Amino acid sequence: MMQYDAGKQPLSLEEITKRLCDPASYAGVYHRPMHDKPMPSVTALADIMERLRALLFPGYYGNSEITPETMVYHMGAGLDHVARLLAEQITRGHCFSCTITDRESCKDCDKQAEEKTMRFLSALPRIRELLASDAQAAYIGDPAARSPGETIFCYPSLTALTHYRIAHELHHLDVRLIPRIITELAHSKTGIDIHPGAEIGSHFFIDHGTGVVIGETSIIGRNVRLYQGVTLGAKSFPKDDSGTLIKGIARHPIVEDDVIIYAGATILGRVTVGKGAVIGGNVWVTEDVPAGARISQKASD
Amino acid sequence: MMQYDAGKQPLSLEEITKRLCDPASYAGVYHRPMHDKPMPSVTALADIMERLRALLFPGYYGNSEITPETMVYHMGAGLDHVARLLAEQITRGHCFSCTITDRESCKDCDKQAEEKTMRFLSALPRIRELLASDAQAAYIGDPAARSPGETIFCYPSLTALTHYRIAHELHHLDVRLIPRIITELAHSKTGIDIHPGAEIGSHFFIDHGTGVVIGETSIIGRNVRLYQGVTLGAKSFPKDDSGTLIKGIARHPIVEDDVIIYAGATILGRVTVGKGAVIGGNVWVTEDVPAGARISQKASD
Amino acid sequence: MMQYDAGKQPLSLEEITKRLCDPASYAGVYHRPMHDKPMPSVTALADIMERLRALLFPGYYGNSEITPETMVYHMGAGLDHVARLLAEQITRGHCFSCTITDRESCKDCDKQAEEKTMRFLSALPRIRELLASDAQAAYIGDPAARSPGETIFCYPSLTALTHYRIAHELHHLDVRLIPRIITELAHSKTGIDIHPGAEIGSHFFIDHGTGVVIGETSIIGRNVRLYQGVTLGAKSFPKDDSGTLIKGIARHPIVEDDVIIYAGATILGRVTVGKGAVIGGNVWVTEDVPAGARISQKASD
Amino acid sequence: MMQYDAGKQPLSLEEITKRLCDPASYAGVYHRPMHDKPMPSVTALADIMERLRALLFPGYYGNSEITPETMVYHMGAGLDHVARLLAEQITRGHCFSCTITDRESCKDCDKQAEEKTMRFLSALPRIRELLASDAQAAYIGDPAARSPGETIFCYPSLTALTHYRIAHELHHLDVRLIPRIITELAHSKTGIDIHPGAEIGSHFFIDHGTGVVIGETSIIGRNVRLYQGVTLGAKSFPKDDSGTLIKGIARHPIVEDDVIIYAGATILGRVTVGKGAVIGGNVWVTEDVPAGARISQKASD
Amino acid sequence: MMQYDAGKQPLSLEEITKRLCDPASYAGVYHRPMHDKPMPSVTALADIMERLRALLFPGYYGNSEITPETMVYHMGAGLDHVARLLAEQITRGHCFSCTITDRESCKDCDKQAEEKTMRFLSALPRIRELLASDAQAAYIGDPAARSPGETIFCYPSLTALTHYRIAHELHHLDVRLIPRIITELAHSKTGIDIHPGAEIGSHFFIDHGTGVVIGETSIIGRNVRLYQGVTLGAKSFPKDDSGTLIKGIARHPIVEDDVIIYAGATILGRVTVGKGAVIGGNVWVTEDVPAGARISQKASD
Amino acid sequence: MMQYDAGKQPLSLEEITKRLCDPASYAGVYHRPMHDKPMPSVTALADIMERLRALLFPGYYGNSEITPETMVYHMGAGLDHVARLLAEQITRGHCFSCTITDRESCKDCDKQAEEKTMRFLSALPRIRELLASDAQAAYIGDPAARSPGETIFCYPSLTALTHYRIAHELHHLDVRLIPRIITELAHSKTGIDIHPGAEIGSHFFIDHGTGVVIGETSIIGRNVRLYQGVTLGAKSFPKDDSGTLIKGIARHPIVEDDVIIYAGATILGRVTVGKGAVIGGNVWVTEDVPAGARISQKASD
């Protein structure tokens, strides 16, 4: 354990500066983007998410006085704004991990980011359709909900899914870093951590949600309901010959349509939870569960 | 599973706008409040909570130089501000779910909101008394706490309970939507999700708190202590003949005075945990627990 | 249970003001700092954390165009700013709990705060070294991570550890209240609750993280990995003769090098988890675990 | 002259409060709007002016990436926003001076404000045409200007005229108080004080502008150019029998087409400066000036 | 004339830094306050002025819903806030020019600032009385004004006089630097430059105002009216034996009750403009003007 | 005079949108920058001026705790920030007026902007020297000034000259539009309008300042003092054969060393005011003035 040095004299500001500027000190924690592109901005992405939310749920977010008559203006103007802002962040995300030092080869970066942005925006009607089904599922699944609108406006499930469904689309477009930041924004706000790579069907609902984790290669069907603290995780992490983890292997569960998983349950590995199964609270699952099964923990005594 | 269409050409901005403005697309996700009242403002409610906190805990929040001599001015001015701001949000919350199209019938809305606001403010001394008992409970219940003041100023338990006790009062006054937003604000910040409808006695303390869920019809006595990840949830969700969940049934636990529930424990259904019982960590309870009982999970091996 | 008084007439603003200004009402919830020092500012501390992050991870945070040539200016200027801001908060934190009424005896407060600040800043190179090892551990430990840089920029683990390692240093310098606020900031953002008093070695990684609790007297070795929902807690809380909890006793686990603890596991009391042990998900541990052991919960059926 | 009382003891905060709350003290300086409408907001009006500027000069102000293809969205959305914001301020302006105590009679206030707003917005194309002519005049009239665009973007003349032409339109619609606040905003920024009631033709240019005053009943033709410090003022202020000034009488100059008035000149009273006349700097004019005349001050010696 | 060096090579950032840090370079433009007190804050003073305006003109500024019933709270709370904020700025202003290096001797600085602040606040009722008379004078003096309230809310004259009358009170209390900053704030906004040292009686009105200058030792009676561009200035600046200007000599005009001075007039030196005199526009006065006289420039021809 | 159409029906929002989007309507008032560069940002330039002020006057502006020991860090970091920000605005200013449609030819734009920025920053020590002389001149020239520091911190003269001297340097580097915006910022704040092209020697002071205009080709020597309302303007504006004004001709006065010009004086055309001359208030000068002459207006009577 590193030794605490409270007894020593404090250093001068000049000396601390010198030490922090020693390349040996900053080697592992210093970042210099290619071609002077600044880092992606978390604040800008939060703003973009607000604007997307206003496009997806008109009246609930953004301008609350929007009417069918003026909708075309607000949608068009909103899309135009978001297109510019998002393309900029996509380029930055790409530059973050880019290793091409030859500036000429990077020439198409901006164009590619713009094209990916337009592809993404083209998917908004489909994303909206999915989120409408999620709002319906939340209303049906929570006895405390009084209307689907209430779930759109104040349920963490809808927040997490709006972020996830947007991030997932960007993930498929091979956008770097940005999807992860978008789901982290929702994770921080709701405690629900869904990896952008997961595949999730329509009518999905997570009640309460704090502590839910849905791993990168999870596949979830339609009409599935989860409660707080549910983990869809990996069981083991195969390493290659050099001992480092192999990335990208399918290692998370498949959850089929109409499954319910109660609070605190943990499902690990590439197992399948069959259609309509119900997994009880705090249950630990590492093998396939047949369709229609009901698995539960016995109460302690 | 919905098919991913990366291969297709992106649409033009004009075409995307058109699709997002198709009534078939926005039907389920568009909100238009009655009589042009804007949506409740989450930002305004966060501000109102800050102001209420300053009224409840003078010196800890708001003006830190408040003295007994100047308190009357700051309390009076603070109440007057918060009265106007809150009444406005209460009206908006009511309009959110209102279905009365005849404007004349809505005439009293503003007056009712003002009256509910004054009723709510009248309860502040009582809410303060409860929160003082909660701060005392936090100090007594956490060996790491050095003073009750420290728990007021930086414990998530006090944040969650301040939001809950305020939301609960508004819930009893039949204020719509606003109580839920107020507890969600605390849920997002602390990971503690208490439904405004729950009844909670004095001297309540939740240590750490992340992942705690306390359902709508829970009843909690005095001097109860919970740890992170505890769920007071529903066991089953009875449906009516048409197959939709029945709303409002008593379906969450009753926890009597002096109970302690350790981390990750799950209590489900309208069961009673008797006075002075201690529920161990990660325990799963779906039946009544007698007073004074000690229930625990055996360590794995 | 306190009785709800909805039926009563609301009070006038004047009357509510009077009641809130009754010393009997505000006695337990009013704070008046010594010598007019204002309360510590959570906003100022969040700002200080941003500045420290920019000093620790140049290019990732703060000015993204920083180069080795200009680093000396940005480090020096950043340190000078943060020194003043932090010293002010340290003084406030001290005054918060100070009980010395004689102003003369307090004369050295400012100087002591400045000295503690310089001691703390002197530790920044060491803190950076630890955090670099944590970023490496996150990259190695998460198959979804594409580079160590990605973990610095968007993993909650790094956020929580940056806050913890800074707070821990301040805790050792006997700074009051401020360390706790700093870890609470991370707790609120990430759902990871690490007490500033815990001792944690290098190469530490917490995946997902929501719901993790690491208690005040925990000791964690090098190269340890935790998953969401893990608790390193206390088992019992010994009381003194007067029945109040005894503060400061070693009551949390010791976790040795190379241990992995999966999601939702709970380790309670001053037990030791031996070097290289692996604790399965949702497991409940209250006794020592030998080095190299693999403990897991059996799947339910 | 009021006597200075430095020698006296300062009062207590309580006593000062009491004195400031004495109705005799606040009688002449206290305002209570009818029916709880808040005061017009200078900040909101400054924001409305920014939005109108973006509608009038697309690309120069507001979204600088606007294109002919997206213009319809940005114009439509911008108009919809500004319509709501402006109608609200117009209502407030009306309430400011309203003396109708019977709330029923005020019922149409909101509707009238909305109608006036739509009438005003209908005039925007005409206002834009006038301002385009003013930009052309500025370019032609100032040897230091490199393009008309430069005058739109950074000349105080265009700022003052944008405010004036908007305020003038509102003045004609009998909007209260708001036009005056709008021209005061420009007065504060540019030092050019044009009363909303003045009539000013196209192609108007004021170089430098500081200190220019154009009174309420002034009439100015086309293609007129003024320099800094020019006054178009009133000569005398007729009083009625009771000795108070008579409001609304035509008392300011008529300046015909193609006139140039140099710095510091003062024209007072309902006199006419004939077409094409040139008035020299610092000149003092209180009688009619024939068309084509050149009037100048002799240099001092 | 200093030679322009565009031809030279630009310096490196390092070299420019070095040159700017050369003591010979910064000698005349570097400020280091005594005892680490920061500089007075122009932003804080602007905020203080807003708060004072809300205390002086309740309902017009600040909380527009203030009522006679709640006034005591808002006045008391507002005074308490402003007292702390202003005392801090007064201390800073004093430190700005302080040359006492011995910290012990400065001990009473804070106390003196607090006492001066209370003395100043004690004068607020009197300042309000004067400003009410000024609003009345503006309403009577401007045919375009529709009510005294309109002049309070949007006339530059009231803005300038509010700043002046406050600054003048502070000037009498021997507060350093702060009064000057306060009148400069109004100068910047209105173009009216009144030195805090000038003495001005009740019922004062400046129409339009841009370019008005009222010098340090001017004395102005009651019921005086000025127009834009009027100068009450000094004629000569006597120097002492060493050739530097002698500070503090009475060198500006005395303007007696009921005088009117029209636009652009210049009155220089310690001359007296007698009661009821009228000075015409652009007139140049350097000698006494008898009571009741009418002085005017002849129109040019 | 354009006819007012209040009687007409207001148009629909759709119709107004259509009219504002008619190319015939926006032709003269629409701007589209080359290559998607956004417009220069007035806000960004105001921020840059704040940063430059902190570099020029350390301790007065920016970080008020700067010491000789930490100065190198703050100067270096400040220069690095300002270099990036300014280069961006310089590029935008260039693009604003650029007419090169071939994107390839624009390739060097960014590099040129960076080089101009470094040339400009290289001049900062010289600019600081001039401004130090201006502060000295203000102190000596105003009997009301108590120290040179006071003039740096709150005199409009120093504000206007700081803006002018910076803009003038950029003007010489052939930077487009930006210098003009910088002097307009000062004009708006102080009422002093100095064209960036004017040449002004050291030890320059403008007292009060409102209404001062110094034209593009003016040349002012050392140790000159002006008062409010002074114009150094052009007498005539020669036109070319096509009738448009010829740009760039020397048309403003030359003012030699040690001249004083009192309030409201107007000097027009390429005349020379000889060394040491004194021009009285409101005087009108259109011919050369010999060295040492004293010119004044006679008082009216």
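When the chains are written out, they are named A, B, C, D, E and F in that same order, and each has its own residue count from 1.
As a working rule, contacts are C-beta pairs under 8 Å (C-beta built on N, C-alpha and C of every residue); 3 or more make two chains touch, one makes a residue touch a chain.
It should be emphasised that the depicted structure is a prediction, and the values quoted were computed from it without experimental measurement.
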Contact distance in steps, from chain C to chain F: 1
Rotation angle superposing chain E onto its copy chain F by C-alpha atoms, nearest 5 degrees: 120
Per Cα centroids, the chain farthest from chain A: E
Label of the chain whose CA centroid is most distant from the centroid of chain B: F
More contacts between chains, A-F or A-D: A-D
Copies chain D and chain E touch via same or different residues, half shared test: different
Chain C and chain E, separation of their C-alpha mean positions in angstrom: 50
Distance between chain centroids, defined by C-alpha means - chain C, chain D (Å): 56
Chain B and chain E: spacing of chain centres that average the CA atoms, whole Å: 52
Touching two or more other chains - residue numbers and ranges from chain E: 13-14, 17, 65, 70, 72-73, 75-76, 79-80, 191, 210-211, 229, 264, 280, 282, 297-298
Each pair of chains that touches, named by its two labels: A-B, A-C, A-D, A-F, B-C, B-D, B-E, C-E, C-F, D-E, D-F, E-F
Chain E to chain D touching residues, read off their complex: 55-60, 64-68, 71-72, 75-76, 79-80, 83, 115, 118-119, 121-126, 128-132, 135-136, 140-144, 146-150, 152-156, 172-173, 189-191, 199, 201-202, 208, 210-211, 219, 221, 227-229, 263-264, 280-282, 297-301
Residue numbers on chain E that touch chain F, as the complex places them: 1-2, 4-6, 8, 10-11, 13-14, 16-23, 25-33, 36, 38-40, 96-97, 176-177, 180-181, 184, 187-188, 191, 193, 195, 197, 210-211, 213, 215-216, 229, 231, 233-234, 237, 244-249, 251, 264, 266, 268, 280, 282-287, 295-298
For the chain D and chain A complex, residues of the former touching the latter: 63, 65, 70, 72-81, 84
Parts of chain E lying in touch with chain C, wherever the complex brings them together: 13-14, 17, 69-70, 73
